[in-house]
Structure formats: structure tokens, C-alpha cells
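Note sheet for the following structure.
Letters A, B and C mark the chains as written, and numbering starts fresh at 1 in each.
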Amino acid sequence: MFRFVTVRLLQGLLVLLAIYAVTFFLVAATPGSPFSTERAIRPEILAQIEAFYGYDKPVGERFVTSVSNALRGEFGPSAVYANRSVTDIIAESFPVSLKLGSLALGLALALGIPVGIIAAVRQNSWLDYVPMSVSMAGICLPTFVMGPLLALIFGLIFELLPVAGWFGPEYVILPALTLGLYYAAYFARLTRGGMLEMLNQDWVRTARAKGVSESTIVWKHCLKGGLIPAITFLGPALAGIISGSFVVETIFQIPGLGQWFVKGALNRDDFLILGLTVLFAALIVVMNLLVDIVQVALNPRLKYE
Amino acid sequence: MALLEVSDLRTSFYTRGGVVRAVDGVSFTLDKGETLGIVGESGSGKSVTCYSLMKLIPEPPGRIESGTAIFDGQDLLRMSARDLRKVRGNRISMIFQDPMTSLNPYLRISTQLIEALRIHRDIDKKAALNKAIAALEEVGIPGASSRVHQYPHEFSGGMRQRVMIAMALITEPDLLIADEPTTALDVTVQAQILDIIKERQERLGTAVILVTHDLGVVAGTCDKVNVMYGGKLMESGTAEQVFYDPIHPYTRSLQKTIPSLQTKGADLYTIPGLPPDVSKPINGCAFYPRCPYPKVAQPEGERPQLVENGDGHCFADCRFCDSSAPIESVLPKHDAGDVDTAQDIREGEGAA
Amino acid sequence: MSDHSETAVLADEPVPPPIEANEIAAEELEEGSSLWRDAWHRLKRNRLAVSSLFIFIFIALFCVVGPWLSPYDSQTQDLFLGAVGPSADHWFGTDTLGRDLMVRVMEGGRISLLVGLVATLVALLIGVMYGATAGYLGGKVDSAMMRFVDLLYALPFTIFVILLMVAFGRSLWLIFVAIGCIEWLTTARIVRSGVISLKKQEFVEAANSLGFSHMRIIVRHLIPNVLGPVIVVATLTVPAVMLLEAFLSFLGLGIQPPNASWGVLINEGQQNMEIFPWMLIFPAFFFALTLFCLNFLGDGLRDALDPKSAKD
């Protein structure tokens, strides 16, 4: 397993490098530059600025410098937000997003998986229909409807929770709910599907014929296999939660990472875009590795390659 | 007193296409240590009969409509779920058709083997594991002490069926129900598996219900035979009676399909037509449309009841065909190379 | 929801292997079409999917035909009126500029559905061609092409869509292309695995030995046979695309005023939800209902086209 993890991490580094290259050249090929603003700047000053950021050199050379800097953990200055380096921005906002994101993901799992299991075990009863319809509705409502609705209900009508800001533990609840509910719905549906597939297997009949109780059949015989679809979805879910956090951060005014994704792209802040993309991809790579490890642990037919 | 006494068992499935009367009034008895074969084509209700005894019919859509199954003084069909669980895997065990799907791929063989022991016996894990290893050795799995920790996918089909047998017999049950235990297996393994079941049964004194569509298997293995068709018994008696002296036209046709009994080089016989659709009411006789004998009356009314021919040999008394005609003259010749025929050849050889 | 009964009855015998998508290929044309008919029958028995289909058709008609029947125009402002709640004159109420909300919801629906359909078509076109090529060529080309897809999965696409919108201006067509460029990855994977299982079958070898070109084999023989799964993905891609469009609208990068998609209307609505709740309720209701129907329809189609995956 150690070998497996090492190999996968090295592969992951290669993936990151490739993603860095793809992003770099995509951004470079996009018309405009970080410094083209509405304000008229004298050409010689613009040239000076561009030279300062290295934009006077050919693309290839810029790429090499950029990669070697990135390998040392230097993603350069933010081209738009003066005096702030990309590393600063990430260091400041990433912990906020990490807290929000992991809480949302935890909530999604803690809510979605039990609901999915119950729905599968009580298939075609109201314990199946009601949660599954609610979860479908959850999947169909955009976050920016869900967020304000939750804020309205819990913040303004019942005055239970703060609706904006990032000052204490109570501030994280509504945003995490908004972000997590959508994925809870997804996990519930995936878990239900996975569990139903397991419960309809021949070996469940074998277990019944041995006198195994229904609850043992669910926990011991079906849970491992039934969780696999939900586990597989963890990677995409994480990606979605990261990019989806922008909406939530805007609605609840949270100083997280999501806003920078959009600001970076809106302002053509090349360095910021690169830094954030690499961070995003690194998270995905690590998450996929974790997912693969869990899958091997759950499914004896899989082996570490 | 009989170990198991089934009377008037009726099981139906309520589908959109109508009510499927899969088992329609079946009665039989089984003594301690005895082997009963239930023979019939696909859809004859033979497996549903067994699943009904263990209440393993999915409900809905299935429903056990009526009947009793007195096992050691208790009616299996009217037991509470809790009491039934104490019987399942403890006093009655079951082996299924497809060993590839009947073992849980996510659990080690050891876990699955000791499960019934741990539920039904007061035994610690270590002792249970030792028993499991012994059980695997008894069904002829080499290297049992290490293989017991493997997963099902590391075993071949035949080996898995051996595991199933070991698992079913580990609690030394009074009754073993084997639902087509050899159908999904390679011909070369089929005979071995039957031998193992037989050997274990003799050692433990277990009664066995062997479900199969292969009359040849029954002849060599069973004491008694039930022949089922369209959810009803067509004929029952000792293996000798049913096998060598069949009375009902259906049994006679079945007998004709055993390849090893047919003339070498001749075209293999298959019963023409298809099994009846039991979701529609059956008038008179379910076999009538396929019956090779000269038809003497229009089929109507209730399906014929079993009558006894002295010495325990029962058969459905059919009044619509003249079964006294000599069979060779009425059985038509059939083309070989039919899919069904090919399968019969395989199974016939495996059993021989 | 349906086939329990049949499997249970068949418990007696080896259950016949379910028809898989790749087996459709091996059938003759007539049998192939009867498989589609079977799927249609199975779909019809799924009440949820059928009612979803009808509601979806109704919503689509409402949006497409509605504006011609309405006495109001979606652009005409009535600043004296302002935002008023639902009334006999304005069934859905009006927005802050006094525009009739019902017409705006209808026209927003036109745009949202159009974005959903066109972007899905773009995604399918790319995904099907890419996946079919990779699967058909196989070997190193295949693994290189699929590595590339894996790579793209790890990219934060919102960044690129935003970048595209910023760089090239905010046109409707760009939205189609940008979203289509994101959503093709899953289609490509599904088509590839379908093609791989198909190409080993005799009819492809036959076509090969007859000297047909690769292009012809892919387009004429392989793609039609992976149509089933592709239809399912398509049905599920439309709602995903519509959500993405709504997200872009939230960023202010979607459809530009005075035109509006459902996403734009919902965004306007959520900004005014405390004072003028109808501005959120009506567009959000239609949006969610449409997505609801498409998702259920997609689930139903999957169960109908691939009986093996039918869970209930």
C-alpha cells in the first residue's frame, strides 16, 4: 500500500504539472491581459508594469519561470490586488474554506448516507418516497435559492442563527447547511441505489436462509458494497463544494477561497488563477487517492495496482 | 412421525400480468434422513415450493396463500419471524443454484462460514473457526486452514459450491434443501458435488430435498421423487417407481428425455411445446397441449388430483388422454441440436 | 417498481441474462427496434417518469407558446405600478420595474430551455465523437485520450467559463459553447466504454473485413448502438447545464438584460425575496419543477433502457 500511495502521489504531481501547463497556456491564449483596465494608462507605464511581472518575455520563457517558481511554492504576486501575493491570499482564505467545506461535506455524508440506507431498507414506503422526493427537490434548487431561503427561515423569521459574517462557530452553520444539503441529497440517492442493488443480491437470500437477522444483513452484508457509489462520488462532490462555495460565501459574506476563484477570473488575474487552479487540482488528486484507498478497503475484489 | 409434512401448499405471485399460481396445492412428507427429489421443468414451481418452506419468497409480490408445513411439530408457515430465524440455518439449511452469486463477495469465507454457528450455537470465534476449517476439509477443499480466510472470488465455481455445502451443514441441520445445486456448474464438477452432498448426508443423517430438472440425477440420489408440472404434483413415489415405472404421461416424456436412456446415434427426444403459463387459469390438465398420447376428451374442470396406485406410488389421474397406448408409438422424433437438448446431454452425462 | 414479480417467478430457473445495451447491437434491425419498443413499454409503466414527461412538455409549451397569448410584453416597464403581487391582471405579479412576471417567466424559460438543449447537444457531439474515437482506436491512443479526460476532470471549470465570458463578451452562443465544453466529459467516458464492449462483436469485424472506413464504422455502426446510455446522459445533462447557467447568471455573467433566463429571474427574485417574494417563488418553482421532471425522466429512462440497473 505504501508503494501504491507513493506511485499515485508521483502521478499526481505529474497531473498537477500538466494542469498547470494547460491552465497557463489557456490563460495566455485568452485575449486581454491583467493590466488592461478601463483607465487609460500611458503605454510606457503599461510596458513598465508588464516588464515588472515578466510579461515582456516570450510565453515559453514565462512558463518555465512560472513553473520553477511554483515548484518552490511561489505563485507570484496578485496582478490585480497590489501588495498581496497569491500565497498570502490562499493562506488567508483557505482555512476558512477548508472549515466550511469539510463541515458541509461531513454534513452531507452524515445526513445523506443514513437517509439513503433507510430509504433502501424501507423501499416503497413513505420512509422511501418522502426523503427521496425531498432530496430530488434539493438537487433541483440552485444554491442561491436554498441559501437565502435558509437565511430567511432560520435567521430572520426564527432569529436562531446569524445570516452573515464569519466570527464564531454559529456563523458556519447556515452556510454549511446550504452547501451540504445539495450533496446530502446526492449522497442519499446514491446510497439508496447502492444499498438496493446489494439487498437484491442472491447472497442476501443465502444470509436469510442462515437465520441472519434483517439488521445484520444490512450492516454486515450490504453496507460495504452499498456505500461504494457514494464513496466514488466523493471526488466530484469535493470539487463541487469548492467551486460552489463561491455562491455561499457571497450570500453569507464569508472571506473564503471561493470568491477569489471568481474575482481572479473576472479580473484576468493570471497568477491568482494559476495558484488557485493548482490548489484545486491538488485537492482533487488527494481526494481521488483517498477514495481509491477506501474503495480497495471496501471491495476485496480490488487490489492496489 | 415424519420430519416434514407439507400439505396443500399454495404460493402465488401478484404481478401486473395477473396472479401467477406458482405452487398450487402441493403435499408431501419427508422422514428423517430421507432424500426427496423434486423434478420438473423451469417454471414448474419446484424451487418456489422450497423457498416457501423457508419463507424466502419476496412478499410482495409473492404470497403463501394456504397450506401447512409441519416441521418437527411446528408449522413453518405460521411461525413468527423470530422463531423462523431460529430454524433457518440451524435445523433447516439451504444450498442455492448459483454458487457464484450466493456467496457474499465482500466478506471472507470464514466470516460467512461461522455466521450460522455464531447465531445458533453458543460458541466462541476461535472454536467456530476451527469447526469451519474442519467443515471445509470435509467437503474436500485442500489447504482449508489458509483458504478459509480468502474471499469468494478466489474460489472456482465448484469450490464455491463446496463452500456452500460446508456452510449449510456446519450446524448439522435435520434438513438440507438443495435448489438445483449442480445446474450452474461445469459437467465435470456436477457429479462430485452430488457425491459430496450424499456423503455428508449419510454421515450426518440429514434429510435432503433435492430440486432438479434432471431425472437422471434423481435416479441415482433420491429415495423418493416428486414430479411437478405447472405448480402441481404430477406423480410421486419411490425413485424406482417413478424412474422405472412412470405412470403419468409427463413423467414418461421426461424419462424419454434422458440422453443415456436413448438409442445411441438416434435423434435426442425433447418434449415439444412450452411449459404452461400459470398466470392464466388452467382447464383440466396443464400438460394436455403437450401430451403425446392420443387425446380422448376435451380438458375441462378442476385439474386431476393425485391418486394412489397402491404401495405409495401416486399420480395425477388424467382422463383426457389414453395413456395406455404404447409409448414408443406415440412419442414423435425430434431434431437434435435444439438448445434444450444440448443442455440435457450435458446434465445427463454429469449425473451418470 | 415493477419487475420484482417476474424475477421472483423465475427464481425457479437460471434467470435469463438481462439485455445489455451492447447486445442491442448484435440484434437485427427489426429486433433492435423491438428492444426500443420494450424500453418504451417499461417507461410507460413508470408513472413517475411518464408524469414527469407530461409536465415537462406542458412547461415547454407554456414557455414557447405562452408569450404570444399573453397581453403583456416582457420588456414593457410600468414604473408607476412597480412590483405588485399576483392579481387578476398579472397572475404572477410584476417585478420591480412593473414588468409582467408571467411573460418574463415564459420567456426566461425559453432561454433556459434553449441553453439547456443546445449546450447539451454541443456536449453530446463532442463527448460522443471523442469517446467513440478513443474506444474504437483503443490501445495507446485510447489511454492517452482518456488520461486527458481525467486531467480535465481535475480542472476548476468555473474559472475557465468565467475567463471565456470575460474575454469574449457575454453572448448567448458563447454560453452554449462554454457549458458544452464542460459537460462532455461524462458522455465521452460512457460512449467509450460502450464502444469498447461493442467493437469485439462480430458485426464490427464484418464491417472491418468488408473494408469500410473507420469513420463509417464509428458513425454508422458503433454510435447508433450506444444511443441508449447517451440518451440517458443527455436527459441528465440538461438539468446540470441549466443549473450551471443559473450559476453564471448569479455571477452576472449569464444572459444580459433586458433579456432574462430563469437563472437571472431567480437571482433578481432572491435579492427581493423578503419584500416581493413572488419574484422568487414563480421562477424558482418553474425552474425546480423542470429540473425535477428531467431528473425523474432520466432515472426512468435509465431503468427502461437498461433493465439490469432497474432497482425497483
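The rule we apply is simple: a contact is a pair of C-beta atoms (placed from the backbone, for glycine too) under 8 Å apart; a residue touches a chain by one contact, two chains touch by 3 or more.
These numbers were taken from a predicted model, which means no experiment stands behind them.
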item	value
From chain A, the most remote chain by mean C-alpha position	B
Central chain of the complex, centres being mean CA coordinates	C
For chain A paired with chain C, centre-to-centre distance based on mean C-alpha positions, whole Å	23
Interchain centroid distance [CA atoms averaged], chain B/chain C, Å	49
Mean-CA-position distance for chain B and chain A (Å)	54
Interface hub residues of chain B, defined as touching at least two other chains	98
For the chain A and chain B complex, residues of the former touching the latter	201-203, 205-213, 220-221, 224-225, 298-301
Complex contact set, residues of chain B against chain A	54, 56, 85-90, 93-94, 96, 98, 101-108, 115-116, 119-120, 151, 153, 164, 167
Chain A-facing residues of chain C, complex	1, 150-151, 153-160, 162-164, 166-168, 239, 243, 246-247, 250-251, 263, 266-267, 270, 273-274, 280, 284, 287-289, 291-292, 295-296, 311-312
Chain A to chain C touching residues, read off their complex	15, 18-19, 22-23, 26-27, 30-32, 123-124, 136-137, 139-145, 147-149, 152, 156, 193, 196-197, 200, 236, 239, 242-243, 246-247, 261-262, 264-266, 268, 273, 276-277, 280-281, 284-285, 288
